[in-house]
Amino acid sequence: GGVEVRDGGGDGATKDASGPLKLAVVPKAVGADYWNTVKAGAECAAQRAGDVTVQWDGVTAETDVEGQVNLIQNFVTKKVDGIVYAATDSSALAPATDKALAANIPVAMIDSGTSPQPSNVPLYATDNRASAVEAAKLLATELGPGNHEVALVEFQPGSQTNTERVDGFKAGLAQYPNLKLVGQQPSKSDVNEARRVTENILTANPKLAGIFAANEPSVLGAAQAIQAAGKSGKVVIIGWDAAPDEIAGVRSGQISALVVQNPFKMGYFGVDKMVKHLRDKAPLASADTGVTFVTKENIDSAEIKAVLEPSCANPPVQ
Amino acid sequence: MGTIPTETADRDQHPTDAEPPVLEARGIVKRFGHVEALRGADFTVRRGEVVALIGDNGAGKSTLIKTLSGVHPPDEGEIRVGGRPVQFSTPVDARRAGVETVYQDLAVADDLSVAANLYLGREILRSGPLGRLGLLDKRAMRQGAAAALDELGVRIPRVTTPIAMLSGGQRQCVAVARAIIWATNVVILDEPTAALGVVQTGRVLDVVRRARDAGMSVVLVSHNMPQVLEIADRVEVLRLGRRAAQLRADEVTTDDLVAAMTGSTSTDRDER
Amino acid sequence: MSSVEATAGTQRGELSDWLRERVSHAVSEFTAATALVVLFIALTFASPYFLTADNLFNIGAQTAVIAIIATAQTMVIITKGIDLSVGSVAALAGVLGAMVVRDLGFSVWAATAVAIGVGALAGLLNGLLVTVARIPPFIATLGTMSVGRGLVFIITGAVGVYGLPRSFQLLGNGEILGIPFAVVITVLVAVGVAFLLSQTRFGQYTYAMGSNLEAARRSGVRVGRHLTGVYVLAGVLVGLGGMIAASRVNSGQPNYGISLELDVIAAAVIGGASLFGGQGRIVGTIIGAFLIALVRNGAVLLDISIHYQQVIVGVIIWAAVYFDQYRRRRLESRG
Amino acid sequence: MSSVEATAGTQRGELSDWLRERVSHAVSEFTAATALVVLFIALTFASPYFLTADNLFNIGAQTAVIAIIATAQTMVIITKGIDLSVGSVAALAGVLGAMVVRDLGFSVWAATAVAIGVGALAGLLNGLLVTVARIPPFIATLGTMSVGRGLVFIITGAVGVYGLPRSFQLLGNGEILGIPFAVVITVLVAVGVAFLLSQTRFGQYTYAMGSNLEAARRSGVRVGRHLTGVYVLAGVLVGLGGMIAASRVNSGQPNYGISLELDVIAAAVIGGASLFGGQGRIVGTIIGAFLIALVRNGAVLLDISIHYQQVIVGVIIWAAVYFDQYRRRRLESRG
Amino acid sequence: MGTIPTETADRDQHPTDAEPPVLEARGIVKRFGHVEALRGADFTVRRGEVVALIGDNGAGKSTLIKTLSGVHPPDEGEIRVGGRPVQFSTPVDARRAGVETVYQDLAVADDLSVAANLYLGREILRSGPLGRLGLLDKRAMRQGAAAALDELGVRIPRVTTPIAMLSGGQRQCVAVARAIIWATNVVILDEPTAALGVVQTGRVLDVVRRARDAGMSVVLVSHNMPQVLEIADRVEVLRLGRRAAQLRADEVTTDDLVAAMTGSTSTDRDER
């Protein structure tokens, strides 16, 4: 009949763009330290390339998948020269990517890709699931032999990143029969909520030995709950992300380890490779931006410092 | 006192009447929790008469009327239409039996037009399949409303005006007109002239007379004794939720009515 | 009665009656429509990308779901109710619609029927809570909102429903004669509901109940049944909207529609619906929905950040209602 | 007038008057209080960790912010209003309170004053929108909600405010004689507002305006000024609540309080406040807030997932209001 | 007709009166948008008299009363109290001048108790600093309310009952009592007996008489002509927003009043 799904396929050929470039860079959501580091990376790359402006815009909640679809579409309408973005949902954003490509706007994904991921769209990211498996290993190592109770503070059930990290952590945990998952509660990415659920988990499980908190607000809230309960250092925290207060927590021993991605590099790569693609016709290819495990021991090493305190003078992008 | 009132206890007081009453309430009891608003109330309406229902504030007049029009199903007792017992469990049942009511707390929908209010619950639908889908024939309703109001001599601005824009007196006129238009048996008016000026009151009373002349029965609740004596054929007095007296209007004075309402006469047998 | 008083409805008055009725309705929508036009023209000049077929179609498709659900909300608001559960119910419908396709191999049409059925059930629940249990609408639907969201998560295990066939995108991303299918559906829904409200007995009763529930009851309207009917119909539209939303993102999202109720209430209210019941029209609601969408679209085109958008939307809500109230007061006092 | 009628207020009647007044108020809270007690006992048996000083203090501290903001909401609801902006305003107050400490070196007390001032300003804005611009409260505060959230993000650049001194935690994590400071503040606020509402002219006018605004106006109540005052006082409490929330997590969170309005409205309504105005008491609201908190706490202790919690909270909202309505109808008809 | 009514145009009609009127309206114009509810209305109340204000529905009676009590500030014209021009821009101003009003649309707060309603806007505060903080002396208000109602002979259940639990008649009694208690100069009653039974009506009229005997002036709006003639000393007639006549109650009949209201006599000079 007359009704059909709009085909997203395009030839992918890019226009000639030797002049000034305007790139849209879209995080999953605005409002976290992590994404601001991405932004810093993107702007650093734009500044180094010269004559490139970055339009930074995003939805306010990672759960607003449809909002992000609309946003990408509006950028396509605006005919930006390239779109660099992190998909809030791999499946949901695939058509949006297709539409951009169909309009001859090249796309680069950062942090989270789409499914399917077109071959001409690169992904600059770390593997959330694999890193979460590592986090479980770290927790097991930290706790040592013997039976231990552990808990998980997730952030937004139903969002894809959350699902990946939770799955990864549980898969990692499965390799350690001496660790028992006794509690799993969401923080809804709200520090107050994270603190509240952690307090209640601690009450319900006085023998709790370790917690994995899966993003920045979750880590901060969990650390505060543990501190308020007078159990700092007694309950091992493995966290994610590297907000200043998290780093301080590692230094003070409250937090045993942090899984730290390299958001600066994601933003930097996204813009840098996109500009090279547009100006020099360089093909776009995916790259793993790597993950670092920050502990009290390695926190002052130069390599970690570069990741934790990225600056455009010395970008951690090698 | 002009006459000794017929006693309430005498239920089968008109066994010889050829025609049964068009509307009759027998031993109605209505409780609101612990308040017994009606305690075995009787009430009779005959064909083509104007009956006034009077009583003190809180005597139960409005409650009785609401049981007669299906708003409050009674807890005990029975209602008869043309001699046959009926069950009025919703206002629709009463309307089906040809009983139309103007309530003391005017029940009109402010945001709807005069015409829509007149036809509320009885909309004219388009003929054919569209009508079966609920499609309104607005034009027919506008014209019908205008004609009906004209005929009744009720003066109202355009029938498309929302009721919210009318004055209190005009709203009252619309409510009365609405009841008169649809009634086939009995029109019940609960204090219809309380807020009306002398002229408007006269007009409502005219409408009442015309309805009676057309063969309908009218029940009028009023606190205005001269008005009651002027228009009613018969007066029924309610006190403390029971019938205290039945009186012929042309045989009593205002003082008799007041005495019957307040229970300061020998009719007062039902004091609790 | 002192000044104007004419004998009712003379033939001569018919046309002016008709006009008056139209004009008095239109007041509610006038402000919103003006704002819409002004914004439209401003954006046309401000951005070369705005007035393009692609962009207008996009705006249409982006607004479709909001417009459909705002239409449902408007019906409920007219009855003096409110439906806070629209977001949860849309998510539930979308997720279940996606699940029957993925797990049971339903066609997209059958899935749409399932989504609509889910919406209708939720609407029935709301309706019964309001009419039978006599819980005020705000509270009844607040409960449904919470319960509905909980159910979505329980059913999906808090994981989005993926792996859908391409055909699932039909409602959200399909086109018909070059027009987004979602827009076509929205137009059909809006016209249908507008017709229902203005031309049928169902509509008449809806306004009557919102205006004076007791009057409607005493006039013989079966208010329990009818009010429940309004909630069910609203639920049907919410279910449809949820399905389109799921189709647009090609997946069932358990987090869909969080705080959607505020957006659609804002659209209805900007368009002239009154939370005190008895007033509101679909055309106004659609205008309100597009006004909000246009702000969002324009903000991206003009490189205004999301944060400023929120400020602007808030100010527009204030302004629309302020001017509407102001005009109403003036109109009323002109009697 | 048929049945009970006595000469007014004889000396003999004083005590029973007093009782009647108390009893009639208490009906609203009875259902909620019963549910609270039942839940409390059930949890005591179900979990060995429930009835411990630590856990009870935790619940107290966790509920403090909700309880304080629900108290503010109750005042507004009594006036027949509603305040949807509480979440945004609390976030704004907390963020600014944190910023003045971090960037300007304010003491925690001065920062609290700033947060309260921010809340008061937002309340003033709401009050003026309602009284001067005559925008209905739902819409006025919906706009403030949107604008407020936008401002929080603009001011913070959407990043949490960190790097605060330890003293910043005083309000949220401090203790006084072993009792959480936040709990002490909550008790003071609740007692203070309850006293204000029941024993002062301000309270009398608040109920009068919610009951019949025009009657209050004609009785000489300066309704514009007074209604604005209620919104300002509510704003003050919201600002205080936002500061305590920030203090509890030792940072200013721009995302704080999203959909907080629904939680606090639920608390007020569960506790017997009526959205139709004129009714509601603080003790009921506090009970409502603790009921919700207890459900959440108990769910974690019993390892019930968040999803079931949402379902349970929804059902409790329905049940509380259903039984309250039911009891009211019975009481009224016994009247 | 008993007397030729004093013409409205004659403004300074009582230059010889020793005492100026306690309350006087001169040339009041009040517009609601395009509706001119009052078109230069005059009205006079003298010390210790009961003045009836009558007129058709929509004549502007309630509007005039609202300008006299500060609810609607007039667009033109002036109000005088004891001969001195005053500005009533809010109800508080009128109350300060000793003018108390019972409105047609009863203005009582349903959720507040009888006592709280009687004292609304005039609460008794505790003595001392607590009082300055707005602390209510509830006990004093309860006792004061009970005493005042007793004294007026108004029968009401306990003063702590919320108004919502009272019957319409009882609410009306509370509203009237409230006005009488606080008035020092003038009590204005806008159709206070419209919903009342005969007995209750009698009680309100008693209260009116007692107020007059205590030296107060009473303005009574009513559509009940016999009642007007029974209780009023003087009658002022409003038609189409203007004073149509001033009449002495003991010199006229019901028919005269109706004629003056409808404009069917020679007094009809103001027809537009």
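Note that the chains take the letters A, B, C, D and E in the order they are written out, and that residue 1 is the start of every chain.
Quick note on the criterion: a residue touches a chain if its C-beta (ideal position, glycine included) is under 8 Å from a C-beta of that chain, and two chains touch if they have at least 3 such contacts.
The UniProt protein names, listed by chain, are B, E = Monosaccharide ABC transporter ATP-binding protein (CUT2 family); C, D = Monosaccharide ABC transporter membrane protein (CUT2 family).
Every value quoted in this text rests on a predicted model; they were computed, and no experiment measured them.
Suppose you hop from subunit A to any chain it touches, then on again the same way; how many hops at least until you reach subunit E?
Steps on the shortest route: 2.
Can you list every chain that touches subunit A and also touches subunit D?
The shared contacts of subunit A and subunit D, listed by label, come to C.
With chain centres defined as mean CA positions, report which chain is farthest from subunit D.
Computed centres place B farthest from subunit D.
Taking the mean of the C-alpha atoms as each chain's centre, how many Å separate subunit A from subunit C?
Here subunit A and subunit C have centroids separated by 35 Å.
Using mean CA coordinates as chain centres, what's the subunit B-subunit E distance in Å?
Using C-alpha averages as centres, the distance is 32 Å.
Which whole number of Å gives the spacing of the CA centres of subunit B and subunit D?
49
On subunit C, where are the residues touching two or more other chains?
Those would be 1, 153, 158, 258, 305-307, 310, 332, 335.
Pull out every residue in subunit A that's touching 2 or more other chains.
Counting only residues that touch two or more other chains, subunit A contributes 30, 60-61, 157.
Spell out, as numbers or ranges, the residues of subunit B touching 2 or more other chains.
Each of 56-59, 167, 169-170 in subunit B touches at least two other chains.
What residues on subunit A touch subunit C, complex-wise?
Contact set of subunit A toward subunit C: 2-6, 30, 55-61, 63-66, 69-71, 73-75, 77-79, 89-95, 115, 156-160, 163.
In the complex of these two chains, what residues of subunit C are touching subunit A?
47, 49, 52, 54-55, 58, 62, 65, 152-153, 156, 158-160, 162-164, 166-167, 169-170, 173-177, 181, 245, 248-251, 253-256, 258, 296-297, 300-301, 303, 305-307, 310
Given the complex with subunit B, which residues does subunit C contribute to the contact?
1, 4-10, 13-14, 17-18, 20-21, 24, 199-202, 204, 207-208, 210-212, 214-222, 277-279, 332, 335
List the residues on subunit D that touch subunit C in their complex, please.
84, 129, 133-136, 138-140, 142-151, 153-154, 158, 258-259, 262, 265-266, 269, 275-276, 305-315, 317-318, 321-322, 325
Which subunit B residues qualify as touching subunit E in the complex?
55-59, 104, 167-170, 191, 194-201, 223-226, 257-258, 261-262
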